[in-house]
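Presented below are the structures under discussion, each in the form of structure tokens.
Here come two complexes built around subunit A, the first alongside subunit B, the second alongside subunit C.
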Partner chain A sequence: MMAKSDNTVTRSVQTFGDYAYFIADLFTATLRHGVSWRSVIEEAHKIGIRSLPILLIINLFVGSNLTILGFHAFTPLGGQRLVGLFVALAGVRELAPIIAASMVAAKAGTQMASQIAVMRIQEQIDALEVMAVNPHAHLIAPRMLGILLVMPALTLIAIFATVFSGYVVSVYQLGLNGTVYLEFAADGITAMDFVYCVVKAWVFGIIICTLSCWFGFNCKSGPEGVGLATNRAVVSSAVVCVVVNYFISEVLYGSL
Partner chain B sequence: MQLATPVLDIFSVFGRFAMFTGQVIIRIFSRPIFTQATLNHLAITCQRCVGPVIAVNLPFGSVLSLQGLQIFEMFGAQRLLSSLVSVAILREIAPVMASVIVAAQGGSSCAAELGAMRIKEELDATEIMAVDSLRLHVVPRVVALTIACPLLYIVGALAALIGSYLTAIFVEGEASGVFLYNLWTLTEHRDLWAGILKTSVFGGVIGLIASYQGFRATGGAAGVGRAVNETVVYSVLVFITLNYFLTSALYGAP
Partner chain C sequence: MSIITLKNVSKSFGTLSVLKDISIQIPSGQTTAIIGPSGTGKSVMLKLIVGLLHADCGEISCFGTDMARASITELYAVRQRFGMLFQDGALFDSMTVGQNVAFPLVHHHKSMTETQRRQRVEATLELVELPNMYQRHTSDLSGGQRKRVGLARAIVTEPEVVLFDEPNSGLDPITSDAIDALICRMKKMLGITFVIISHDIVGTINVADHIAMLYEGRIVQSAPTDQFVRSEHPIVRAFLERNLVLPNNAGEVATLPSLG
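For the complex of A and B:
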């Protein structure tokens, strides 16, 4: 790696180039060295099981808040029946995928970053290289394939949690008609929405995994280095996911 | 501890956290108060978080008006877009997204700093010098996060409104005058106050969880990573749960 320049612009271009080079190297190393499928399944299991409880709880509460918000927003317009449509559209198209991605970044992404950062500062990664094992193919490729396997499933679970808690809140807390809620919710969602959600889930999975592993790989020495790498991993993956989400939505749903 | 069953573990974690919270709260309201340290932490937290908060809220506002237009086009009621977008942003989107970023950036760096201090025995050194490490290191961070979170909420809400305006006018081609005229028709003053109240509660919760995790970090560099991870996860979990109850208390009655 080149020495970092003092100029901010040059430095950010260098950082971006480092990141792009990292991704390119990840792909070539994976193709050349292959991946052990057993570790892919292990990583998928770990990422999925670790993120599932928090993802469920958060999406339940996001759905209930969305329902209360929709109820109050539509009451002055006399359209309380629209709550189901509102929860289905806002929850399924936007909030469930992005909240699921943030939770995976917070739970699995930070864990990836801190594990790899600890390996880096304890010189385990150098040891792998000495033994002619490619660290990208050995450490990152299983995590990447694992996250790609579980992200769509987690996103679909998040969607059902959001719509379900919207149903519970609108029937039992706000006293609306459950059948009307479900009819309007079903009107709002099409089969293509689920396909788009899977596409978003894969893109977010790639972003979370590459950014977290990259910050872990470039960790500075000492305990502060590990903390800093973990911190940067979660913030940057959340920011990049939300920004990319806008462009995906604009392409898929917008009138551009 | 003899009876280390999972249930007892959970209760002892709650008990320790409650005692930690009590100790911090007593120190917040008693002398000596380290005003300069608090202001420094406030400045650092705001400086670190303001970029990510804007970067997350601006696209979120854009997506809101993008998807809102899809709904309102079904009924031919595009003029209602801005009034509903502003309600959604002020009540839910901006408080939650600003607090998520404060947890991910401010809370996790607070846990990382305190965890590294604990691992390198700096906290023990301050205790040995008869300096109260809770008062010196924890209280300023908790107070700074409690104040920073509402400030960042206001910045985030403005960014989200700007994002939704830009998308509605320049991308989707709605009329600018209609958007601005309807912007504040459904919002009330209490929406802003409720948002500020909610975010200051969230900020305090984030600060307490982050400093608790950092303060109790063990096991070298890996322990710091674990503390940061658990800070982000638990603080998001707790404030989203609190958000539901606060929203229900403020707006929930049908």
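For the complex of A and C:
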């Protein structure tokens, strides 16, 4: 029993070490070999286009749900006006960034993991190495910089969609005063909230890109390996983002 | 003069010992074939030569560079002197044939203009008998065409050594013969060093100047082709006579003796 748990600990430490080594390799390779900015723009475009529709749909409905929940929670207390504040605090500070990250992980992260996994099993990554082209700089760096470019924009769009759908539901479904909704929502959001959202977006982007590419890079041969790598990439990205989100929120908002 | 030297090289994966104390020299300007049954470590040997894998012990030297001690810059400088044809071509799916072949030029011959690059790529495609294929997508290619495009990509930078990993695998006999004929033609035209990993003995004899046989992780015989085909070594004979998996008259499957 003891030996089994020792093995698990050793494997976990080794896995974490491999992941850290992979990230270190990515940074040194990018610095040494440079990166194609054309590829960065292409990747940013693909990530943004792929994730935007699903992100909009989810956040529009999250905003609507928050509004209805807030309305029913605050009405008995006579605080219908607080709906805007509730949507702003819960939606903007917490839900919009993490939902944006989850959608990017589901759409772009899975694509990264599966593409790189297929390249691995078809020896395309070995071919890059033999042609003296660093696969970290050629494959991963553009994806990393691309995701860093679009994640803040996607997060801000998610925030807008959440607040906007809350407004529509408040005014047209619940019959609340739209100006009051917006005033209370504005009271709940400060300029620093947007800065914090961008910080979160970058952190989540780094997590999604490195984990997805890492699982793809370490794919075992065969279609099953590709499926497993893709599955692990999206699950790990979502779990790690949620856990890290807690710590970031604790650091940024814990003392408020 | 040898261009690649392996000295007492061993490689294991976990408890599985793949290569055991291998020593071989690859002479410059000749075609050396390393043959043996599947799963004897031929591809591992090729990956050790180009530094995709690292040996557990022993020395691997390419163009005088110790591959184990080489820095990344030195390693990449050595690799630029190699071209390699992978088993299934290892073509980039997202690119056209022309883009695949141009890939090493784009990365290592940055002074070339777009026109010069295109001319070089089209000339190389003609060399491998695939003219007018520049715009074709790789998903539209047959197995033999993929190998030819892979070969074009391997030779487009005019490397000093071209490595072939199972050039005939997965091909029908006619296409396989066509690939062998192409390799022979390349050999005459380019006059460079070829290293071929294969289990296809007929094709190998036609192409190679020198043959080494790998069996159970060891080189059991290494000799010029004419001497190799006359070898009396029982494992070499069994392999040459294709006794490896063919059933004998009694319906039993003949097996090679163990090295112990």
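We take it that the second predicted complex is superposed on the first by the 249 of 256 C-alpha atoms of A that agree within 3 Å, B and C clash if a C-alpha of one lies under 4 Å from a C-alpha of the other, contacts with A are read in each partner's own complex, and residues count from 1 in each chain.
In this text, contacts are C-beta pairs under 8 Å (C-beta built on N, C-alpha and C of every residue); 3 or more make two chains touch, one makes a residue touch a chain.
Because the structure is predicted, anything quoted here is derived from the model rather than measured.
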{"item": "Combined model on subunit A: subunit C and subunit B, fit or clash", "value": "fit"}
{"item": "Which superposed partner A:L228 touches (first subunit B, second subunit C, both, neither)", "value": "first"}
{"item": "Touched partner set for A:R32, first subunit B, second subunit C, both or neither", "value": "second"}
{"item": "Touched partner set for A:V62, first subunit B, second subunit C, both or neither", "value": "first"}
{"item": "Partner chain in contact with A:Y246 - subunit B first, subunit C second, else both or neither", "value": "first"}
{"item": "Geometry of the superposed three-chain model: angle at subunit A (Cα centres of subunit B and subunit C, steps of 10 degrees)", "value": "100"}
{"item": "Touching partner for A:A191 - first (subunit B), second (subunit C), both, neither", "value": "neither"}
{"item": "First, second, both or neither for A:V9, with subunit B first and subunit C second", "value": "neither"}
{"item": "Subunit B versus subunit C as contact partner of A:E129, first or second or both or neither", "value": "second"}
{"item": "Residues of subunit A touched, compared between subunit B and subunit C (which is higher)", "value": "B"}
{"item": "Smallest separation in angstrom, by C-alpha atoms, between subunit B and subunit C in the superposition", "value": "11"}
{"item": "On subunit A, the residue positions that both subunit B and subunit C contact, one per complex", "value": "118, 122"}
{"item": "Subunit B residues touching subunit A - in the complex, by the definition given at the top", "value": "52, 55-56, 59-60, 62-64, 66-67, 70-71, 80, 84, 87-88, 91-92, 96, 100-101, 104-105, 108-109, 111-113, 115-116, 119-120, 171-173, 186, 220-229, 232-233, 236-237, 240-241, 243-244, 247-248, 251-252, 254"}
{"item": "Of subunit C, residues touching subunit A in the complex", "value": "47, 50-52, 72, 76-77, 79-80, 82, 84, 86-88, 90-93, 103-104, 107-108, 153"}
{"item": "Contact footprint of subunit B on subunit A as seen in their complex", "value": "54, 57-58, 61-62, 64-66, 68-69, 71-73, 76-77, 85-86, 89-90, 93-94, 102-103, 106-107, 110-111, 113-115, 117-118, 121-122, 173-175, 222-231, 234-235, 238-239, 242-243, 245-246, 249-250, 253-256"}
{"item": "Touch list for subunit A against partner subunit C, complex", "value": "32, 118-119, 122-124, 126-127, 129-134"}
